[in-house]
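Okay, so chain A shows up in both of these, paired with chain B first and chain C after.
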Partner chain A sequence: MLLVIISGLALGGLYGMTALVYNVMYSTSKVLSFGTGQFAMVGGICTAWLVLDLHWPLWLGFVACLASGAAFGWLSEVIAVRRIVAASDEHLWVLSTLALSTMVQEAMSIWWGTDPTPFPRVLPQEFAGAFDQKFWLPLVLAVAMAVGLEQFYRRSMTGKLFIAMSEDAFAARARGVSTDRMRSLSYVLAGILGAMSGFAGGQLTFADFALGTALGLSGFIALAVGGIGSSVGALVGGAILGMLTSLTTHYFGAQYQKTIAIGLLILLLVVRPQGLFGTTRVRQV
Partner chain B sequence: MSQKALRLTGLGRRGLLAGATGIASGLAMPAIAQNKPIRMGWIAAVSGMFASNAQAQDWGFHQTVADLNEKGGLLGRKIEVVMRDSAADPSKAVSFAKELVYNENIDVLCGPINSGEALPTLGIVSGAKKLHLIGGSVEELIDPVKYPLGFRNLNANGQWIKVAVKFMVEDLKKTKVAIINDNTGYGVLSRDKVTQFLAARNLKPVYTATVDPNKPDVTDELLKAKDAGADVITEWSNATGFVARLVNARGEQNWDVPIVGHPTILQEQVAKLLTKRSYWDNAYGLGYRHEVVDAQGKLPDNVQAFMDKHKDTIGPYMAAGLPAFLQGNAAVTIYAEGLTKAGDPDPMKVKAALESIPVIKAPYGPFIYTPKDHNGFQDEGIVLVNANALLPNGGYPPVKIG
Partner chain C sequence: MKHSLVRPGIVAVFTVFAALLPYITGNLYYLHVATVIGVYWVLIATLNLLVGFTGQLSVGHVGLLAIGAYAFCLLAGGQGWNPFIALLAGGGVCAVIGLLLGLPSLRLPGFYFAMATLAFGLIVSELAQAEQWLTNGSVGMPAPSFPAPFDTPWGFYWLVFGIAAFITWMTANLARFMWGRAMVALRDSTVAASSVAIPIYWTKLIVFVFSGFTAGVAGGLYATSQSYITPDAFIVNLGIYFFVAIVIGGRGVIIGPFIGAAVLAAIPELVGPLAKYGTFFYGFILLVVVLVLPGGFGELINTLVEKLRRTPQSSTHIEPDLEQLRTAIRPRA
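On to the complex of A and B.
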């Protein structure tokens, strides 16, 4: 049973990290990018390529993984968000982010191949059952990521500007905040965090071009369950989804996993549309 | 003939010339037809999802054609290959099938080489009345009534599953079977077939799980199978990541039950994803008689001869395994035998010839076609091999139980 719980929490950590990445981008742009899961895919493949194929040291591979995430995050803002958001109030970003996500996935499948490849062992640890790094790395990094983000929002000027933009981008701009720059910066940060999640979960997921789509969907469910905008919500939403996936298999069978996960999302949207930790904003008119 | 005479007959010099040319070309026509090359259409997904396997098949196909051309071709005519890359996209496969059968004037279509692409091309090729050698394993691809010119050039999926179930029950003596398959159409279809073959032996699976192949961890599925008392696991997926996770999860729980299943489990790509290579020891995948070595470690003669002949170019294709390039060889070999016996590329004549040849001994395995059965490949050509026993020559030693 311990292994079932740990495995569920590890999956939850991975989903929670993806939900956090959604949050970072949403705070400044109100865009729920379909490319969110691809940050992890790019980060994972980049690390595997540099460390296992080119024999770079792991720490350098990790730095390069974060750099690739930052570059991809920035590019996705430039290509799929900036002009679309500026030109239209409609949700056209759904199409632009989906298109970019598909293009990146296909490009990676052509360059990297369609078979998953190994991901390097991060720490010199013999396989240790429930306490193996492949389970606890995503868990620990998810918590660290959530705590770090909260500190960033509360203590740094940039973080406070993100919050200001999330509350009212027009008011923030009226007070001299360069909202375009802040949005761009938030996508760079999201790219870094997404790539870090790919690094943390790489031993579970392998370096796989198809990871992004599945992770993007699960991360979105975690986000909706926890509540958009809340770091704690993202973590809790991820943990609930991961545990539910594992326990569903354990008690009912693997064939019900997706039904129950999506069922949970629908139920929550009906009962509590803002999610467990989300808040409903009332705007005075 | 004088100019005057020509005028009297109503023919000018030009008319006479045209007439002479016409007569000459009419007389020459049978000779030209005799020398016209045999055109083989070939659709293979050499890019996209299944590229590595398809590239090896493509290589085997072209080498076999080259070998035949070296010996003077078929019926004294050279063979031309008109190849199209469907990139694992069924819509492309359909377009190329139309193009090849209607515009390229081919004598036979080989491929597409996976079931998902082959299914939508059946009606097109059958409608054009072209001979069709089909490289997919799904049962529905072959129906001598609906598609009388369609012949399968590998085993059917049901044959694999029948042999796998027989291996688990009769050789390994295991009766508490857990079925774990991915949630693709193929995975679900295979699960149902395993259940059917078990039922025919009065057995029921103790646990069944249909899993998303992209799920990052399958520990819970394995634990559930263990709790259900399974003494053997059978997996049905061609997703290397999924199969590797399954083997890893079993190894990490120190649960040494055999895993038996789809040939994917034999791929080196799976081995690379294993936490420890020893996890591969008690894993068995479906292989072919043609890749099982004898007591001296030698492959069957016709397989070795093909590999020796092409030793300079075979290198990059060995990783995909012997069955891949031998399947490409089989498509050409089967058609060559049928055409040679028929003595004419007319599809109906080649069909009749294929149905009457007692056995086609391709390096891939024996094929026997009858008017009622166009599956051809014989069960005895399929064997289970131990995943972690691959030899440097690409073969496997026979499985030893106990």
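On to the complex of A and C.
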């Protein structure tokens, strides 16, 4: 039972981190990218390839993992978001990020193969059951990431500019904020954080090309449950979803995971459309 | 607007060509590809109403296709129903499931709806793997074929062709008249549409249920065309293909998505090496079209036709009646 709870929390940490990544991109561009989960996928596969196949030292693999995330984040802003946001049509960013996400996933499945492969051990720890690093690593990192992001938003100038843009991008632009550069920066940051979550969760999920879509969906559910824009909400939403997934798997079997998850999403959105910790209502005008 | 005979002419020529295709090509494989395109079109035609006209981005119609296919196989194969009744029943099942899916999810804004339908597609393929007592798991199940005149490849092609033509006619009628106007209006501005008394939610729901029904019918036809179905046949990538066909064809055009569907399905089938990169290629095309040509090729062709036809801008030149104006503003003595 302890193992069920711990693995639920670990999954929740992973989902929560994905939700945080959604938040970072949403704050500057109001885009919910379909490719959010792919950052973790690319980061995870990149590390597994460099460390296990090419025998790079782990720290170098980690750096490369973050670099791949940063590059991918920047590219996705340049390719799929910049022009679309300029044209400001709501449907189009859904399509462009879906297209990019599909391309990356397919390219990975062709290059890396469709079977999940093992991920290197991060810390020299003996396998320790419920207290193994593969469970606590994503959980700790998720909390650290949420705290770090909150500090970043509150203390640093760049973070404050992100907040300003999420309140009103036009007003921020009028006050001399280079909104385009900030948006690029937020995507680079999102890519780095996403790749980091893929690194932390790698031992739990393995290096799997299909991770991106699954994580993108689960992270989005965590985000919607917690409320868009809230870091606490992202963590709580992730934890709820992770626990639910883990308990469902334990009691009913793995095949009902997604059914339960989507049931949670729809139920919550009908009852409380702005999510548990969300403040602004989703307006469709 | 002048009624021209060009468009009906093109449609007529194309219809005759499609009807006579089995005589033109003796190659059974090409005929199979054409049949599959027809089957996809049965689904895409009404999905176009939902995506292109109403603007609801449903990624999960492949789930409905799968349910239709399994329902058809279970009813016609297992229970021994008449295949035509089973086909309609499969459509009915999908319409009901579409209703149940649409009731909550159509209230959600764009991206939420897309995610909910994506999740639906994933759930269906998960359950098709897991519920072995019903679907035989990953082993799959054979699909029954249709009775006598339709049991040959040619006969089945004509059956699909007939159904596809009927569906096309129905969607064209829906799109051209009041319903289509309502759909386009609520796609372009929900607030404006509701201010002129268009029932937003009901319009979306009815279009969704209708597209669910034809997705179920397409599922039954798909099962027969493949003659054996497994959960692997209904991966979410197929849903992406439907989507791309509509977007490159042009949103809000009837015939554009047909060309998109035909070209996209034919290229990987006819150019062997591309088959492996099929989904990557679809993603690439989707990205390019969205970035370069957001209206799709349908809009491009429309623009080109307008340019070629060179209809002069009908601006009426009005000579101001200066004398009357002067009288009007002259101060009364």
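Everything below uses one rule, namely that the second predicted complex is superposed on the first by the 273 of 285 C-alpha atoms of A that agree within 3 Å, B and C clash if a C-alpha of one lies under 4 Å from a C-alpha of the other, contacts with A are read in each partner's own complex, and residues count from 1 in each chain.
Please note the rule applied: a contact is a pair of C-beta atoms (placed from the backbone, for glycine too) under 8 Å apart; a residue touches a chain by one contact, two chains touch by 3 or more.
Computed from a predicted model, the values in this text were never measured in an experiment.
Aligning the shared chain A places chain B and chain C in steric conflict.
In the superposition on chain A, A:249 contacts chain B only, with no contact to chain C.
Looking at the shared chain after the overlay, A:266 reaches chain C, while chain B stays out of its contact range. When the two structures are aligned on the shared chain, A:132 is found in touch with chain B, with no touch to chain C. With both structures placed on the common chain, the touch criterion links A:8 to chain B but leaves chain C unconnected. In the superposition on chain A, contact is made by A:99 with chain C only, not with chain B.
When the two structures are aligned on the shared chain, A:208 is found in touch with chain B, with no touch to chain C. Of the two partner chains placed by superposition, only chain B is touched by A:117; chain C is not.
Stretch 134-142 of chain C is the one among 44-52, 98-106, 134-142 or 206-214 that clashes with chain B after the shared chain A is superposed. Counting contacts by the rule stated earlier, residues 110, 213-214, 253, 255, 257-258 of chain A appear in both its interface with chain B and its interface with chain C.
Touching chain A in their complex are the following residues of chain C: 55, 57, 59, 104-105, 107-112, 114-116, 118-120, 122-123, 126-127, 129-131, 190-191, 236-237, 240, 243, 247, 276-277, 279-280, 282-284, 286-287, 290-291, 294.
Contacts from chain A toward chain B in the complex involve residues 3-4, 7-8, 10-11, 14, 110, 113-118, 127, 129, 132, 201, 204-206, 208, 210-211, 213-214, 245-246, 249-250, 253-255, 257-258. Contact residues of chain B toward chain A in the complex are 47-52, 208-212, 214-217, 219-221, 223-224, 240-241, 244, 252-253, 269, 272-273, 275-276. Residue ranges on chain A touching chain C, taken from their complex, read 32, 79-80, 83-84, 87, 89-92, 94-96, 98-103, 106-107, 110, 213-214, 217, 220-221, 224, 253, 255-259, 261-262, 265-266, 269-270, 282, 284-285.
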